[in-house]
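Here come two complexes built around subunit A, the first alongside subunit B, the second alongside subunit C.
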Partner chain A sequence: MNNLLVLPIAVPVIVGMVMVIFRNILWLHRLLSLLTTAFIGIVAVCLMDQIKLTGVQALYLGGWKAPFGITLAADMFAVLLVLVTAIVTFCCLCYAFSSLGMEREKYYFYPLTLFLLAGVNGSFLTGDIFNLFVCFEVMLVASYVLISLGGTKIQLRESVKYILINMITSSLFLVAIAYLYAMLGTLNLAHLSVRVAAAGQDGLLTAVSFLFLIVFSIKAGLFLFFWLPDSYSAPPTAIAAIFASLLTKVGVYAIIRMFSLVFYHDLSVTHLFIGILAAVSMVLGAMGAVAYWDLKKILTYNVVVGVGFILAGFASFSLVGMRGTVYYLIHDMIVKALLFLLGGTIIHLTSTTKIKEMSGLIRLHPQLGWMFFVAALSLSGIPPLSGFIGKIFITKGTFQSEYFWLGSIGLLTSLMVLYSVMKIFMNAFWGPALTEETEKVTTDGLLLPIAILTALTIALGLGAEVIHEYVDIAAAGLLDSQGYIDAVLGGKL
Partner chain B sequence: MKEPNDVILRTVSKVAVVIILTFAINLFISGHHQPGGGFIGGLAFVAAIVLLFLVYGIEKVRKNIPVDFKKVAGTGVLIAVFTGVGGMINGKPFLYQVFGHVNLPFFGETEMATAVLFDVGVALAVIGTSMTIIMSIGDDR
Partner chain C sequence: METCMSIVVGILFAIGTYLILSKNILRIILGISIIGHGVNLLLLTMGGLKKGGPPLLGLKETTFVDSLPQALLLTAIVINFATTALFLVLSYRANKVLGTDDVEQLRGYGNE
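Let's turn to the complex of A and B:
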C-alpha cells in the first residue's frame, strides 16, 4: 500500500475544482496550476526512488484487494512518464501565461488542463483496464473542451471530427473490454496477465488483442492517424503542444502496457504487426512532413513519425529495444512540446504558417533561432542530444530481433525528419530579414519555457548516465512482468 | 408571447415537486444498503427543478434558486475526493471508508458511515453538472 500513487490523480482534481469555485481570480489559477504540476513532479521523483529500492508499488483503493477492487500500480515506466508529463505541462502552462489571452484563460483553461493531467496520470498509473478506459475518457473530455476553447471557426470544425473519432474509438474500446471480460472473467491487468498465461493466447484472444490494437492505434496516431494533423493544428499553441506531447503518448503507453503485460505470447503475430504499423506510420508521417510547406502540418506529421519510431523499438521486444523505447518516449514527449512551442512562437512572430513567407528571423531573434536548431537536431537524433541515445538503442534492438527492414526504415525516415525541420529552419531563420514593420509582437515570456525544454533535451543527451539506471529498471520491468504481477496480486493466485 | 392557460399544470406541479424532492432524498438515503444512492438521488432532485423550469420559466426559477450550479458541482467533487483523503490521513488507503453505530436521540440506534459523505459529494456533483447542462441548453442567449 502506498498512498503516494493516488496524488498525481487526486491533487489535480482537487485543485481544478477549487479553481472552478474561485473562477475569477486569475493569478490564483496560474499559481496553483504551476504548484500542482511541480508537486506532481516531486511525487514522481519520490516514487521513482521507492520503486528503485522496493520494486513496483501498488495501492488498493478503499482497501479492497486486487483483483476485486480498484488497483493503482506504478512501475518505473509509468512513473517516468508521470514525471515527464509534469515537466512538459509545467512548461506549456508557463507558455500559456503570455500567449493564450485573457478570454481563454478565464474560460476554465487551467482547471481543464489539470483535469487532462489527472486523466493522463490516471491512465499511466491504473492497474485495471476498465479504469484505463475511464481515465482515457477523463482526459478526452477535457481535451474536447480544450480543442474548442475560444470557438474560432477552424477549432469548431476540427473539434467535431475529433470528438466523433474519439467517441467511435471509445465505444470500440468498451466492446474490446467486454470481450476480454467475457473470456477471462477479470479486468485487473495483472490478473489478466496471469489468466492469459494460464489459458494460452489462442486465436480468439489474439483477435481481441487486435481490437485493442486498433483502438489504441487510433488514439496514438499509429498508422490510423488520418484525424491527427488537422485536429492538432487547430487549437492555440500552448494547447496544441500539450496535445502533441501527451495525448498520443497515452495511446502509445496503452499499447506498450497491454502488449508487454497481457498479450505477449504470440510475438510473431502481434508484435510483427505492431512493427509493420510502426514502419508504415514512419514512412507516411515522414512523407507528409517532407511534402508540406505549412509549419503546423510539418510539426503534426512529425508527431506521427515519433509514434512510429517508439513502437518500432517496442516491436523488437528485446531488452535493448525496450530501453530505447523508454528513452525515446521520454525524449519525444519533451522535444514534441518544445517544437510545438517553437513553431507557435514563429507563427506568432510572422503571423503566417507558410514557411515560404518567412525569412530572416534569426537577425532579430537569435536565441529563438538557435533553440530551434537544437530542437531540430535533437528530434532527428543527432548526438549528443537526447534523441540520439533512444534512436541508437531502438535501431540496435530491431537489428537484434532481425527486423532489419524496420531499423532501416527508422534510420531512413530520420533523415527525412531532419530534412523537414531543417526546411523550416532555413526558410524561417535564414535569408534577408523582413522589414521592421512585421515586428509588432514580442517574445516576452515565451522564451523561458522554451529555454527550459531546450536545456532539458541537451541535459538528457549529455547526462544520460543519470537516468540510465531508471530507464534500465523500466525496460527490464516491461520485459519481465513478474514483478508487476507480484506487487499487484500480492503473490497470491 | 401569449400566456398559456396552465392552471392544472401549475397546481399539480406545486404538489408534485415536493413529492419528487422527498422521493429524491429517500432514494439518496436508501442507497446505502438498497438500490439508490447519490447519483440517482441527485438526478431525481434535478428532475424536480426541471419541472419547475417547465412550469414557471427559467428566469423565475433562477431568481428563486440563486446558486451557481458550476460551483455546486465543484463543491460536490471536492467533498467526494476529500472523504478519500480522510482515509489517507489515518494511514489507510485512499477512499477507505469506516462506519459505526451511534445512539442518537429520537432516531435511536443509527448506522453512521463516511460513505454517506462521499455520496453527498456525488449527489452535489450530479445536481451541479446536470443543472449546468440543462440551463445552458435551455437558455436562448
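Let's turn to the complex of A and C:
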C-alpha cells in the first residue's frame, strides 16, 4: 500500500474542479496549473526512489484487495512516464501563457489540460484493464474539448473526425474487454497475467490480443494513423504539442503493458506482427514527412515515425531492446513537444505553414534557429543528444533478436527523418530575410519553455548515466513481470 | 440464451456499422450510439446470463449471478452517454459554422 500513487490522478482532478469555480481569475489558473504539474513531478521522483528501493508499488483503492477491487500499480516504467508527462505538460503550459490568447484561456483551457493529465497519469498507473478504459475516456473527453476549443472552422471539422474515430475505437476496446472477461474471468492485469500463464495462450486468446492491438494501434497511431496528421494539425500549438507528446504515447504504453504483462507467450505471432506494423508505420510516416512541404504535416508525420520506432524496440523483446524502448519513449515525448513548440513559433513568426514561403529567420531569431537545429539532430539520433542512446539500444535489440530488416528500416527512416527536419531548417532559417525592419511579432515568453526542453534533450544525452539506472529497472521489469504480479497480488493466488 | 443474445448483438453491430458508413453526420452519431448499445449487451452476455440470486450475504441462495459485468455496464453506459452528448453538441456547432452535415464536405483541403 502506498498512498502516493493516487496523487498524480486525484490532484489534477481536484485542482481542475476548483479552477472551474474561479473561472475569471486567470493568474490563479496559470499558477495552480503550474504548481500541480510541478507537484506531480515531485511525487513521481519520490515514487521512483521508493520503487528503486522496494520494488513495484501497489495501492488497493477502498481497501479491496486485488483482484477484487481496483488496483493502482506503479512500476518504474509507468512512473518514469508520469515524470516526463509532468515535465512536458509544464513546458507546454508555460508556452500557452503567451501564445494561446485570452479567449481560449478563459474557456477552461487550464482545467481541461489538468483533466487530460489526470487521464494520462491514470492510464499509466492503473493495474486494471477496465480502469484503463475509464482513464482513456477521461483523457479522450478532455482532448475532444481541447481539440475543438476556440471553434475555428478547421478545428471543428477535424474534431468531428477525431471524436468519431475515438468513439468507435472505444467501443472496440470494450468489446475486447468483454471477450477477455468471458475467457479469463478477471480484469486485474496481474491476475490476467497469472491466468494466461496458467492456461496457456491459445489461438482464441491470441485473437483477442489482436483486437486489443487494433484498438491501441489506432490510439497510438501505429500503422492505423490515417486520422492523426489532420487532427494534430488543427489545434493551436500548445495543445498540439501536448497531444503529440502525450496522447499517442498512452496508446504505446498500453500496447507495451498488455503485450509484456499478459500476452507474451506467443512471441512469434504477436510480437512479430507488432514489428511488422512498426516497420510499415516507420516507412509510411517517413514518406509522409519527406513528401510534404507543410510544416505541420511534416511534424505530425514524424510523430508516426517515432511511434513505429519505439515499438520496433519493443517487438525485439530483448533486454537491450526494452532498454532502448524505455529510453526512446522518454526522449520522444520530450523532443516531440519541443519540435511542435518550435514549429508553432515558426508559424507564429511567419504566419504561414508552407516552408517554401519562409526564409531567413535566423537573422532575427538566432536562438530559435539553433534550438531548432539541436532538436532536429536529437530527433534523428545524432550522438551527443538524447535520441542517440535510445536508437542504438533499439537497433542492437532488433539485431540481437535477428529482426535485421526491422533494425535496418529503423536506421533508414532516421535518415529520412533527418532530411525532413533539415528541409524545414534550411527553408525557414537560411536564405535572405524576408522582412528587413524589426518584426512586430515577438517571441517573448515563447522561448523559455523551448529552452527548457532543449536543455533537457541535451542533458538526457550527455547525462544518460543518471537515469540509466532507472531505465534499467524499468526494462528489466517489463521483461520479467513476476515483481509486478507479486506486488499487486501480494504473493497469493 | 447466450446464443440468442449474441445474434442480437451482431444485428446491433450490423445496423450501427451501416449507419456509420452513411454520409449524414446525425446518422453516424446514431450508428455509434447503437454500436454502444451492442457493446453493452455484449458485456452483459459475456459475464454469463446465469440464473442465480443476487450476490448478497445472508440470502439462502446457493448460486449467485456475477455482479461485475453489471458494474462495468453501468460505467460504460455513463461514458457512452456523455461522449454521445458531447459529440451531438459539437456536430451541431460544426453544422452551424461549416454549414453542412455531409461528411464528404468535411474532407478539408478545399476550404482552407
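Quick note on the criterion: the second predicted complex is superposed on the first by the 490 of 493 C-alpha atoms of A that agree within 3 Å, B and C clash if a C-alpha of one lies under 4 Å from a C-alpha of the other, contacts with A are read in each partner's own complex, and residues count from 1 in each chain.
Following the convention adopted for this analysis, a contact is a pair of C-beta atoms (placed from the backbone, for glycine too) under 8 Å apart; a residue touches a chain by one contact, two chains touch by 3 or more.
Because the structure is a prediction, the values reported are computed rather than measured.
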{"item": "First (subunit B), second (subunit C), both or neither touched by A:178", "value": "second"}
{"item": "Which of subunit B and subunit C A:141 touches, first, second, both or neither", "value": "second"}
{"item": "Partner chain in contact with A:61 - subunit B first, subunit C second, else both or neither", "value": "first"}
{"item": "Subunit B or subunit C, by number of subunit A residues touched", "value": "C"}
{"item": "Which of subunit B and subunit C A:161 touches, first, second, both or neither", "value": "second"}
{"item": "Which superposed partner A:1 touches (first subunit B, second subunit C, both, neither)", "value": "first"}
{"item": "Subunit B versus subunit C as contact partner of A:151, first or second or both or neither", "value": "second"}
{"item": "Complex contact set, residues of subunit A against subunit C", "value": "130, 134, 137, 140-141, 144-145, 148, 151, 153-154, 156-161, 163-164, 167-168, 170-171, 174-175, 177-179, 181-182, 187, 230"}
{"item": "Partner subunit A, residues of subunit C touching it in the complex", "value": "20, 25, 28, 32, 35-36, 38-39, 42-43, 45-48, 68-69, 72, 75-76, 79, 82-84, 86-87, 90-91, 93-94, 97-98, 103, 106, 108, 111-112"}
{"item": "Subunit B - residues contacting subunit A, complex", "value": "70-71, 73-75, 77-78, 81-82, 84-85, 87-88, 92-97"}
{"item": "Complex interface listing, subunit A residues touching subunit B", "value": "1, 3, 6, 10, 13-14, 17-18, 20-21, 23, 59-63"}
